[in-house]
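Chain lettering (A, B, C and D) follows the sequence in which the chains are written, and residue indices restart at 1 in each chain.
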Amino acid sequence: MAGWLEQNALLLGLALLDGLAYAALVFMVAVGLNMVFGVLRIINIAHGSLFAIGGYAAASLGLFLAARGLPDWTGYVALVLAAALVGGILGPVIERGVLRRIYGHEQVLQLLVTFALFMILEDAQKLIWGVQPVSNDAPLRLLGTVDVPFGEDVIPFTAYQLFVLPGVALATLVGLAWFLRRTLTGRVIVAVTTDREAATAMGIDARRVFLLTFTFGAGLAALGGALASPTTTLVPGLGAATIVLSFAVVATAGLGQIEGAAISALLIGIGRSAAVYLAPEFEVVVPYLIMVAVLLVRPQGLFGVVETRRV
Amino acid sequence: MRRGAEISLALLGVAGVLAAAWAAPWLRFVLTIALAKGIAVLGILLLLRAGQVSFGHALYLSSGAYVVAFLAPSLPEALLLLPLAALIAGLIGLVAGLFLARYRDIFFGMLNLAISMVFYSLLEKLYELTRGTDGIRVEPPRVAGLALTLEAYVWAMLLVALVLAVGFGMLVRAYLASPMGQALAGIKTRETRLEFMGVSARRVLLAAYVLSALMGGVAGAIVGMTTRHVTPLLAYWTTSGELVFIAILGGAGGALGPFLGAVTYELVRVYAAAAFAEAWQAILGVVLLLVILFAPGGLWGMLLGLLGRRPGRAP
Amino acid sequence: MSTQTQLSRRGALAVAAGAVSGSLLWPGSGSAQAQKPAELKVGITTFLSGPASVFGVPARHTAEMLFEEINRAGGIGGVPVRALFVDEAPGTDHLVGEFRRLVQNEGVHVMFASISSGSCLACTPLSDELRKTTILWDCGTQRIFEEGRHPYAFRTQGYATPEVLAPLLYLLKTRPDFRTLAVINQDYAWGRDSWEIWKTAMDALKPGVRVVAELFPRLGAPDYSTEVTRLLAARPDVIYSTHWGGDLVTLVRQAAERRLFDRSTFVLPVAEASLQILGRTMPAGHIIGTRGDHWNNHPRPRDPARLSRFVESYRRRQNEYPIYPCHHMYQAISAMQAAYEKAIAAKGGGWPNDQELAAAFRGLEFATPTSTITLREDGQGLEDQIVGVSSFTDRFPFAVPKDMIIFPAAMVSTPVGQKSVDWLKTLKPDLLAQVPAPIAG
Amino acid sequence: MSEALLQARGLHLAFGGVKAADGIDLDVLRGEFLAIIGPNGAGKTTFLNMATGYLRPQAGTIAYEGESILGLAPRAIVRRGIGRSFQLPQLFTEHTVLENVALAVAAREGVWSPLRPLLRPAWREEATEVLARFGLATLAGARADALNEGARKLTDIAMAVALKPRLLLMDEPTSGVAAAEKMAIVETLARVLRETGVTAVFVEHDMDVVERFADRVAVWSQGRIAALGPPGTVLADPAVQREVIGIEGPGAAAAGLPGGIAAGHA
């Protein structure tokens, strides 16, 4: 065992680095989903489509700017701008146009409405961007690689994945925590998350909070997609694959919990990377196994609060 | 809805299916698949009655289909494969249900999803066993000992599906009206009261869950024997979504809803795919959206509305 | 509010109109086809959604373009051609239902089945049952004709075994010194099968190669960082990958950025379809294939004018170069044309029924822009394979092969009646002596 | 009559810093009607919750028929014969009143029958009978979520009664019931319970009801029993009057609540 560990410690160190970058992306998608659920009590199946559309928009905008001969660094501006545009447009359109009509309906209807949106957005995305893979790796190339020592060898990692992704995720986490705890709007959101009835009874305009949160959540999904676009390739079906993973993260985290989303994204990200080295056969099921294991011990998720009923 | 009216509607449906199948050969296949999915959706309906949404019933559909795929070579008899698929899917449902019945709402939905996705991954991973995405071909088994011509086999599968659809429809109808079914509805509104009446809500849900898994298995077996080729896509989460879609489209009111929904779903998909091959998914999405926003009672509710009745609760 | 009611009413109307008109429901044309039909209907199953639509949609565009050309030239045997498309993505139950609808209700004369091997395996029994000539126009699984006889099914291009064996022979011929190898394939049937074929053949032709990593990430994985890291650390001489589509683009970009291409030689048998998108990101000097011989820079096409006419008209319409599924579609359509001509001639000008059409396909020889393909007695087409090394020229803004070797189809295909894996085990290293020399430039 | 049916000894339970039960010793005697009074937050409901297994005391024991029921789930305790009604009615809101009660009958008779209907003749009859006793017959077909507070309360109790418990714990059975109807209903309830020999514990704010129906009264104060004895003695105690009755005068709780069961009795 000790010998094995010695032999593989270096490799596991590498897995940790990869896991971190992956976890950062997973976190970005899941945290938006989790916030939306916390406030609206709706699991948004179309969240993965927003991720994909954010990615497509970022890649297109980046390529567009590059074609205009703008400097390379504008590629990063494109990432954020595209996310803001997607969130700012689709968020309110979906919330006002569709979701608002079904608040208070049965849970299954709310879930299915977002399933319908998912189906529509998947095809809409295909109509806009076609089916050929779309990618723009300028933001990835610009920062180059960093050589990480590995025994006598070195392993090049991209600076983007090593620093930018975890950095942005961390900044998002800290920023969100600050926003939710220190700003008035944030505290209103928290109040609605913890006790909607009490919050509305206190005169909080829930509709405004819902709109704000959904738009913000959509923006985070789009930002996740935008941040993924330099490393991944955008193809039809990306949204469907993304959303199931986010579900696992959110259920593991405990609903409405942002710190929980961070921890479970880390667990799942690193677990997956480690699996690639240790048990590649299990790589795909790692997120689900982690989720089932966590929920067996803590049925309300890592950070979820048990709701007690008064009788 | 009066019992008599419902029976006449069911008979009308059976006659309609047979007439359509007689007139248009390709519909035999599509209707068989629709009836099979309707049977699976009956299971979704049971769980919906408890206020629980399973986003993972593709697990049972696909396990039924794979039971057929694995056993058909050594046991080529449809009438044996069907109960075996039911049994095995029911057993999987029992094991999963013992764990899942502890959870409610979104956790219930997501855990179902997780378990079905693990199963889906296994179907793809265990390539030696399942041939991965290539899937397993199913030779047409005998039906009641008879080796049928392919034409007769297609008819036989339709009739088997029809008989099972009617049978399970009646079973679910009785179940929903029974104390177990009514207690199921109690889980949705006041689970704690059930406990304070000495009834284990978990067991009430578990029983319904196992029944839903069993029906999923039967449906999968029919799908497997009808398509005669089984692939892991049947276990993907979008298939589960499709089942819930059909449940809502049909309307969660009565046992006829799932079949109404399934037939409509398959036909809309065919028409949409024929008219806009690249955007059938969006069209289905729009249909779903319209149903939810403007006819939340589903087709069944619309039908009752036409007949001048309010979409009622349990039949 | 009023717009919503309007919308729902309009939706309801559309559904009602569809149901009433019922053009889809009731058979339009009978199944007896002895007379010349008003139009020749071709049912085409292809991916129109999901990740594999990167292949399916260009193929659809090709079919539409070529059908227009055929109809402008007077159709096939004087009959205009019409295509009916079906999406493979929703799953086997939908596909099989649509296959039946097209045959039994639309009365299509020929079916073109499927990109996915699973779909092909599901559709071929239907061709038997419905006695409908079915061209397997793109799928590659060796199982179709090795595990059963299908009198109405024909594959108008190569398949997995030659498509994997040719790149292996190329590697062995041009860089015989490698000692270690890693594989990274998509985790599904093609990824697994193409590894089994490669491994079996490699063990027969060059025993003792050490496999240092076997990675099977899931289909559609968005990120290969961990896999790339592992491959960087393992430093294999050769990395073999049959990735395709968006997955291949992601893999190549992530590997290129982290200089994995500097450490190992890549063998990418399905690279061609992704090279346009990769552009200059695809490093030079690695082995690339195209599932056939239809490179845009084919060194000596049989009919250069026809090839460039096809490439140029496709480019005009789609603003991109055709990729291999476009060529496969072209081959399938060429085969159909040739078979109809043959059948009509055999019948002295009469229109063939299903049996006569199928009979015409057996042993059919038809011309493609690049070469000639023969359909063997089991229905499998014999298509040459061209493998080369990625390089850049002034002509194309993306990588194309150089030092190409043309592998004659018969050399790399499993003989009729044998199973690929069994046959591959019998290969001897002296097979390499028969491999033609690379065509310089 | 003097044997204890339910025996609580040294029950302790604190929520954070609040002591809801701070050493409760109480015997509920076979066949008696025991009223629990006391100010809000004194721990009255907490006692019922502990006795029915919904909450677990941090210390102490509870025995029923001489056997400990500590740690049993509510379900198991109900099956031993302890029924319960609730301050906030716990109804199946999407069922009719008749179905609610029939479900209780089914729970008692055996719920595990998947094929025969809930409203089979025997159970329908029994449920109808129970409803009639509570004056709810005309509401049998109404959905539970359409009822007013008083009717919901009665349905809730009817469900508990339909379980045929030997010990019935009722949490403020008359709150929300219109003052005019109250006595008649309690009268009926008491008669039903006496006839069937059910022992009853009820948390009550209406001192008229307590005085008229309770055999004994326990006064709760800050998680302790401040006084215990016959109503005449206990309610006359000046300390009790100051602590309990002074703050919540007779009928105050009920009078403050809207509505009644008018719909069923008009």
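Simple rule for what comes next: contacts are C-beta pairs under 8 Å (C-beta built on N, C-alpha and C of every residue); 3 or more make two chains touch, one makes a residue touch a chain.
Chain labels with UniProt names: A, B = Branched-chain amino acid ABC transporter permease; C = ABC transporter substrate-binding protein; D = ABC transporter ATP-binding protein.
Values in this document were obtained by computation on a predicted structure and should not be read as measured data.
Asks: For chain A and chain C, which third chains touch each of them?
Replies: The common neighbours are B.
Asks: Count how many hops through touching chains it takes, at the least, to reach chain B starting from chain A.
Replies: 1
Asks: Please indicate the chain closest to the centre of the assembly, with centres calculated from CA atoms only.
Replies: Centroid comparison flags B as closest.
Asks: Could you tell me which pair, B-C or B-D, is linked by more C-beta pairs in contact?
Replies: B-C
Asks: Let me check something: if the centre of a chain is the mean of its CA atoms, which chain is farthest from chain B?
Replies: Between chain B and the rest, the longest centre separation is with D.
Asks: Would you kindly tell me how far, in whole Å, the mean C-alpha position of chain D lies from that of chain B?
Replies: About 44 Å separates the centre of chain B from that of chain D.
Asks: Give, as an integer number of Å, the spacing between the C-alpha centres of chain C and chain B.
Replies: 35
Asks: For chain C and chain D, let me know how many angstrom lie between their CA-based centres, rounded off.
Replies: 75
Asks: I'd like to verify one number: the distance from the centre of chain A to the centre of chain D, where each centre is the average of its C-alpha atoms, in whole angstrom.
Replies: Going by mean C-alpha positions, chain A sits 50 Å from chain D.
Asks: Identify all positions of chain A at which a residue touches two or more other chains, and write them in rising order.
Replies: Residues 122-123, 126, 284, 311.
Asks: Taking each residue of chain C in turn, which ones touch at least two of the other chains?
Replies: Within chain C, residues 49, 57, 187, 218 contact more than one other chain.
Asks: Quick one: which residues in chain B touch 2 or more of the other chains?
Replies: If we look for residues of chain B contacting two or more partner chains, we find 121, 124-125, 192, 196, 278, 281, 286, 293.
Asks: What residues of chain C sit close enough to touch chain B in their complex?
Replies: Residue positions touching the partner: 4, 7-8, 11, 15, 18-19, 24-27, 48-49, 57, 84-87, 90-94, 96-98, 100-101, 103-105, 116-118, 121-122, 125, 129, 141, 143, 187-190, 192-193, 218-219.
Asks: Considering only the defined contacts, which chain B positions touch chain D in the complex?
Replies: 171, 174-175, 177-183, 185-186, 188-190, 192-200, 204, 207, 211, 313
Asks: List the residues on chain D that touch chain B in their complex, please.
Replies: 52, 54, 73-76, 78-79, 84, 90-95, 99, 102-104, 106-108, 110-119, 159, 163
Asks: Considering the complex alone, what residue numbers of chain B touch chain A?
Replies: By the definition above, chain B touches chain A via 48, 51, 53, 55, 99, 102-103, 105-107, 109-111, 113-115, 117-118, 121-122, 124-125, 192, 196, 237-238, 241, 244-245, 247-248, 278-279, 281-282, 284-286, 288-289, 292-293, 296.
Asks: For a test of understanding, state which residues of chain C touch chain A in their complex under the given definition.
Replies: So the residues of chain C touching chain A come out as 49-51, 53-54, 56-58, 187, 214-218, 220, 222-223, 225-227, 229-230, 232-233, 235, 245-247, 249-250, 253-254, 257-259, 274, 277, 281, 320.
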